[in-house]
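Per-chain numbering from 1; labels A, B, C, D, E and F assigned in written order.
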Amino acid sequence: DFFAALDEVHPAFGVNDEELQQCVQNQIIKFSDNIEKIISDGQLFIDQVRKSSRTPLVSVLLHGPPGSGKTALAATMAMSSEFPFIKLISPENMVGFSETAKMSMINKVFNDSYKSPLSVIVVDNIERLLNWVELGPRFSNSILQTLLVLLKKIPPKGRRLLILATTNFKQSDLKDLSMSDCFNSEIYVPNIKELLSVNHILEELKLFNDNEKDRVISDLKEVKLNIGIKKLLMIIEMSRQDVDNKIEKFVDTIISVNTTEITKN
Amino acid sequence: DFFAALDEVHPAFGVNDEELQQCVQNQIIKFSDNIEKIISDGQLFIDQVRKSSRTPLVSVLLHGPPGSGKTALAATMAMSSEFPFIKLISPENMVGFSETAKMSMINKVFNDSYKSPLSVIVVDNIERLLNWVELGPRFSNSILQTLLVLLKKIPPKGRRLLILATTNFKQSDLKDLSMSDCFNSEIYVPNIKELLSVNHILEELKLFNDNEKDRVISDLKEVKLNIGIKKLLMIIEMSRQDVDNKIEKFVDTIISVNTTEITKN
Amino acid sequence: DFFAALDEVHPAFGVNDEELQQCVQNQIIKFSDNIEKIISDGQLFIDQVRKSSRTPLVSVLLHGPPGSGKTALAATMAMSSEFPFIKLISPENMVGFSETAKMSMINKVFNDSYKSPLSVIVVDNIERLLNWVELGPRFSNSILQTLLVLLKKIPPKGRRLLILATTNFKQSDLKDLSMSDCFNSEIYVPNIKELLSVNHILEELKLFNDNEKDRVISDLKEVKLNIGIKKLLMIIEMSRQDVDNKIEKFVDTIISVNTTEITKN
Amino acid sequence: DFFAALDEVHPAFGVNDEELQQCVQNQIIKFSDNIEKIISDGQLFIDQVRKSSRTPLVSVLLHGPPGSGKTALAATMAMSSEFPFIKLISPENMVGFSETAKMSMINKVFNDSYKSPLSVIVVDNIERLLNWVELGPRFSNSILQTLLVLLKKIPPKGRRLLILATTNFKQSDLKDLSMSDCFNSEIYVPNIKELLSVNHILEELKLFNDNEKDRVISDLKEVKLNIGIKKLLMIIEMSRQDVDNKIEKFVDTIISVNTTEITKN
Amino acid sequence: DFFAALDEVHPAFGVNDEELQQCVQNQIIKFSDNIEKIISDGQLFIDQVRKSSRTPLVSVLLHGPPGSGKTALAATMAMSSEFPFIKLISPENMVGFSETAKMSMINKVFNDSYKSPLSVIVVDNIERLLNWVELGPRFSNSILQTLLVLLKKIPPKGRRLLILATTNFKQSDLKDLSMSDCFNSEIYVPNIKELLSVNHILEELKLFNDNEKDRVISDLKEVKLNIGIKKLLMIIEMSRQDVDNKIEKFVDTIISVNTTEITKN
Amino acid sequence: DFFAALDEVHPAFGVNDEELQQCVQNQIIKFSDNIEKIISDGQLFIDQVRKSSRTPLVSVLLHGPPGSGKTALAATMAMSSEFPFIKLISPENMVGFSETAKMSMINKVFNDSYKSPLSVIVVDNIERLLNWVELGPRFSNSILQTLLVLLKKIPPKGRRLLILATTNFKQSDLKDLSMSDCFNSEIYVPNIKELLSVNHILEELKLFNDNEKDRVISDLKEVKLNIGIKKLLMIIEMSRQDVDNKIEKFVDTIISVNTTEITKN
C-alpha cells in the first residue's frame, strides 16, 4: 500500500539536510504572530498533499521584499514535512551554469520527485533562477518556460508533490512573466514594521542588557520601520563588535537604512 | 476500400490512452448547457472529417481563460472519435527541449498522422509550445512558423485529419501571431459565472451536505463569480481537508480568488 | 535550334504534376469575369516569355487576402504553360528547415531552372517562406535577401524564366521589405464580394436545390459580403453534413464569418 | 617600367567580359545629354587613376532610383578602361552565402586587385551586398565595416585602383551607414523625366512606326514622367507582344506605372 | 582550533602582493579626514569578519567618480587584513576573455576562498567586469548573475569572507542592475573638492617650493574644484616636466579639467 | 641601467616604418600654426614618457572631422619618438576579422609593448576598430571593453607606454561609449577654415602659377571654408589632370564640397 511504497523509497532519495540548514543560518525567531501563521499555513499544505488523492500537486509561492526571511521559512517548512524526497533548487548551486545546464538540473529534480510517493521541492529565488535583471528587462525565457510547465505538471499516478517557491518578484512582475496562474496559493512574507518585533529579536539575541534595550526602543519610537530580518541581524552583529558604542551604532544604522530604503525605491 | 485501409493501419499507430486520460484528471462534469453544446459540436467535427471527402482537413481551436477546462474537453473529444490515430502534442512532453527538437517532434506527429486514413491531433497549450511570454513579448518564431504551415497543410490524398488545438491566447494575440486564419472553427470555453454551475459541481463532489451547501450558495449570492473549473476543484479539495471549517474556508477562498483576479487583470 | 534544345531538356527536368494538383484541391470555378481576366493575363505572360528574346525574365506577383485563391490560380497558370521545367517553391515542403536549408532549397530550384530553355517557378506564400510574423515584426532577412536577388537575376543566355509568386502581403509590407521593385507585374486576387459569385458557386457545387438556393440568396441580400473562396467552400461542405439544417447553417455561418472578419481587422 | 609591369600582369588576372556584358543586357542608349556626361565623367576618372601617381585610389559612387541604369553604366565604364584587372562584386554571385563568406569574397577581390598595377572594381548594389532591408532597418554590419575600410584603403606602392560602386541608397541612408565619407566622387543616375528621352528610345527600338510613335508621344504629353530605363524597356517588350493593341498597352502601362510609383513613395 | 587552521592554510593560498601593490601605484596620501575615516572603517569590517561567527560573510562596496582612489583604497584595506587568502578579481587580468571564461575565473576565486578560514576578495571595477557601456545600455547579464549570487552566498561552515568591491556605478545604476541589495555596507569615495587637500598633496609631492605653492593655491581660490586624485597626480607629473613653466601649466590644466568635467556631465 | 635595457630590446621589436609611412601618403604640410602646435605637443608627451618614472602610461586622443589629418599626424609623432617599439593598430590590417580575432590582435600588441622599456602604440580609427555605425547605433562591445581596459592598464614595473589614438567620434559619442575617462589628454585636429592655409598648400604643391593662384584665392574669398586636408589634396590632383580647365575645376569643386558638407550634416 501507499505507506509501504513510501518507506521503500526513503533510502533511495534522501534529503540533503545540511544544504537546507544552510538556508536557516540564524534559526527562525518567532518575532510576530504573522510568522506563526505562515508556519501553520505551511503545515496545512503539507497535510493536504499527504492526504488528498485528488490534488496530487500543490504549489505555493512565498513572496516578499529582499531579506524578509522567505528562504529560511520555505526551508523550515520543507524539513518539517519529513517527506522521503526533499530537494532544494537554488541559484547558488548553479553559478556559471549555461541556460541549458540549468534547465536540465531543474528538470532532473522534478523527474526524480515523480519517483517518490511524497515529495517537496523548494524552488529558491525564482528571479535569480531566471537570470532576471530589471534593466531591459532581461531574463532566460527558456528557464522561464521550463518552470511554467513544471510548476503545473501533474505528477504521474500515485505520486504527490508539494512545491515551495520563493521570490522577490512583485505581482506585476509575475503577471508580465505569465506566472500569475502557476501557483495554487501565495504567502506574503513582509518586512519588520513593528517596534515590538525588534524588541522581541533584541531580547532573543541578547545584544543589550534591559536598560540599554529600553533606550534603544525609545530612540526608535519615531522611526517608520521597514527592515528585513536579514539586515536587522547583520546590524545587530555589527553593533556587537563596536563594544563602546553599541547603542549609537545600532540606532544610527537602523535609522540610516530605513532612510536609504525609502529614497532608493 | 477506405474502411479496410482504416482497419489495417489501426495496430500500427495506436492511441496513448493513458496520456489523454491524464488530461482529464477529474472527469468532465456537465455543469452547464454550454458544456453539452461544446461536446456535441466536437462530435459534429468528428463526423465531418469521417464523412466529407472534400474537407480532408478540419482544424478547431478551443480558447478561453486559464483553467477553464480546455485541455480536458479537447482530450475527451479526441478519445470519443475512436480514430485509429490520436496523438497529443503537449509542452509537458517537451520540457527542456531546444526549439529544433520541439519542431521536429511536432513535425513528426503530423507526418505520422498523414499515414493513417483518419487522425486526430490535439495541440495543447499553443502559448506554451511557442515559449510565449507577454513581457517583450517573446516567443519562438520557428515553432510558430512550423505550426502556421502544418495547421493549414492538407493531408495527402485519401488521408483526413482533425486538429484540436487549445490556447489561452486572446483574439488579439492570435492576430498578432498571424494565427487568425489558421483554424476553420473556434470554440470558446468560458469560466464559470453562474452560481447554478457551482451548485451542480458541489452536488456532484459531495463536499457539503444539503444544508451546508444551501448556506454556501446563499453566502455567494452577492459575489460576481468568474472562476475556472480547475481552480474551483482545487478550492473544494482544500476545504475538504479543513474539517471543522469547511464552509468558511470554501466561501472565503472563492471570494478572495474572485477579487484578486479582478485586480490582477 | 531553340526548340530542339527545349525538347532535349524535357526528360531531364520534368514537372511534379501531383504537387501542383494538390494546390488546386477543388478545381477552379469561374465564378466571375475577374477570374477569367486573371487566367488570360497569365496566358499573356507565358506567351511573352516563350516569344520575346529581350525579356528572358518575367516575374509576376499574385497578391490578395487569405484564402482568395492565389495558390490555386498560380498553379493552374504554371501547369497551362507546358514548359519543360515547372517547379513549386512552397513552405509546406520546408517545415522545420533551418534558414540556411531553406535558402539552398530556393537557390537550387532557380539554378536548376537556368538549365532549361523555358521554365516556370511558383514561389508560394512569400510571407511564410520568410517566417514572417506581424508581431515585431520578425522575419528571416537572409531568406528575404535571397529572394530579392533571385527575383531580379536574369537567367543566362538562351534561358527564359517566368516567376509566379503569391502572397498575403499588402503593398505597405512589400515596400517595408524592399520588394516593391522586385516584380514586373502584379495581379490582385480579391475576396468574393458579389452575391452573383456565391450563386454561381452554389449552382456548380449542388449544395441546394433551386428553391433552397433562391432562399439562401435572398437571405444574404443585406449582407456586406467579403469572403475568400477557400472559406466559402469549407462552409458549403460543413452545411452539407447538416442534412436537416443546411440552409440555416449556411446562411448563419456566412453572416457570422463576415461579421468576425470586420471586427478582426 | 610601369607599362611593362602592366603588360606582364595582364594574362594573370584577366577580365570576365561575359559577366560584365550580362550587366548591359540591352546596350546603352544615349537618350539624353546627361547620359553622355556620365560616360565622359567616367572616362575622366579612368584617366586620373592611370596618370596621377598621387591618387592611387579613386572611388566613385553611382546612385539613383531602382532601374535607372546604374549597373549598366558602371559596367560599361569599367570595360572601357581596358585595365588588366576588372572585377565585378555582385550580390548575384553570392546568393545564399553567409556573411563571413561574403566578406572574404569581397576581401579577396580587393587583395587580388592590389597585385595589378591598374585595376577597376565594380561594387554593384551596395544595399543588397549589405543584406539591407528598410524594415528595422536590418543589415550586415560586418559586411558594412568591411566595405567602409576597403573603400578607403590605399593600395600598396605602385598599385592604383578605381572603384565604381552602385546603389539605390539615398544620401540620408549613406549618412546613417557612415558611408558619406567613403567616396571621392558621386554621380547621380536619374530616372527618365523627359518625353524627348522616351521618343529617342522608341525610335531606337522600333516598336512603333512614325505615325504610331507620334500618337504615343502626344498621348503622354500631360503625364508627369518618372520612370527608370529598365522598366521602360520591359514595357516596350510587353507592348510588342500585344500586336493589335500596341499603342494602348504602351500608353496605359506607362501611365499606370507613373501613378503607382507616386502613391507607393 | 580556528587559528591553527588559519596557519595551516596560509602557505596553500598565499597572496599576490605585487598585483595588489600595482593598484596603489603612488601610495595613499592622507590628504583629508575622510581618507582616514575610510581606512579605519575598512579596519572595522576586517575585525568583524575575523571575530563574529554569526556573520561569515561581509560585503562592502567602494563607489565614487572615476579616478577618486577606490581601487587603491580597497587594495590597501585588503593587504592590511593579513588574511591568508587575499585575491584580486580585476578586468585587467581578463582582457579578451569570453563571458564564460570570465564567469569561471570569478567563480574559481570564490570557490578557492571557501577553503580558507579567513579570506578577502577585491572585486575591482564592477562595471568593467560586466562589460558595461551606457549606450544601450549593454552588459553581460551572465556575469552580472554570477556576481549577484556570489556576493550573497554564505561560505560553508567555519569559513569567513570579506568582499571589497569597487565601482563607478551610481545608485540608480546599481538599482537597475538589481545590485542594491547585494552589499552589507557602502563607502563613498569622493573627488577632491577642498583646496586644503590640493595643498596637502602638493606639499607631499614637492612639485613647488613654498613660494610657488602659495601662488598656485591663491590662483586656484576661485575655482570650484572637483577632481580625482588620479588626474591630479597626472597633472602634477606633467607640470613637473615643464621646468620653466610649472606654475602656469599646473594652474591652467587644473582649471581646464574642472571646466570640461562640468560641460561633459 | 635603463638605457642599456633600451638598447638591448631594440632589435627584438623593431618598428614597421613602411606601414607608418603609408599613413603619411602625402607628407605633412605645415599649413598653419596649429599644425606646429600639435606636433610640438606630441613631442612633449614623448618626453614625458621617456623621463617621468611616475607616469609609466600616457594616453593621448587625436580627434576631429574625417580627413582632417589625424592618422598622418599620429604616425608622424610616433616615428619621431624613435622608441624601440612602435606599433600601429589599424582596421586596415583586420579586414574580415572576427571580433575575437580583432581582440586578440589588439591584446597582443599591448602585451608585446609591455616587454619594451619604451613603446608607442598608434590606435588608429577607433570607430572602425569598434565596427561602429551610427544607425542603431551598433558596435562591438567586446572590442570596446578590450580597449577600455587596455587604454587604462598601467604597464609592468620599468616599462613605459605612450598611446596615440585617433577617431572621428565626437565628445558625446565618447561619453556614450564610456571613453571620456580613458585618455590623459586630447588633441583636436580641425578642418581647414582659413584661405591662408589653402594658399600655403597650393604654393607647396605647385598646382598653379602665381597668377592663377591669386585668381583662385580671390574666387574663394566669399566661401565659408570647411574642408579636410585629405579632400583638398584629392581636389588638387583632380584639377591637375584637367589641364585646360584647372582653375575652374578647382574652384567649383571646392565650392560644391563645402556646400554639400553643410547640407549633409
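Methods note: a residue touches a chain if its C-beta (ideal position, glycine included) is under 8 Å from a C-beta of that chain, and two chains touch if they have at least 3 such contacts.
Worth saying up front: this structure is predicted, and the values here are computed from it rather than measured.
Undergrad: What chains touch chain C and also chain D?
TA: Joint contacts: the list comes back empty.
Undergrad: Can you tell me the C-alpha superposition angle of chain B onto chain E, nearest 5°?
TA: 120
Undergrad: Since chain B and chain C are copies that touch, just let me know if over half of their interface numbering is common to both, same, or not, different.
TA: Mostly different residues form this interface, as fewer than half of the numbers used are common to both chains.
Undergrad: Taking the mean of the C-alpha atoms as each chain's centre, how many Å separate chain A from chain C?
TA: Once rounded, the distance between the two centres reads 59 Å.
Undergrad: Where the CA atoms of chain A average out and where those of chain B average out, how many Å apart are those spots?
TA: Chain centroid spacing, chain A to chain B, equals 34 Å.
Undergrad: Where in chain D do residues touch at least two different other chains?
TA: none
Undergrad: What order results when the ring of chains is traversed from chain D, passing next through chain F?
TA: The ring, traversed starting at chain D in the chain F direction, is D, F, E, A, B, C.
Undergrad: Tell me, which parts of chain D touch chain C in their complex?
TA: So the residues of chain D in touch with chain C come to 22, 25-26, 66-67, 91-92, 95-96, 127-128, 131-135, 138, 233-234, 237-238, 240-242, 264.
Undergrad: Any idea which chain E residues touch chain A in the complex?
TA: 44, 47-48, 51-52, 54-55, 100, 103-104, 107, 110, 137, 139, 141-142, 144-146, 148-150, 153-154, 156, 171, 175-178, 180-181, 184
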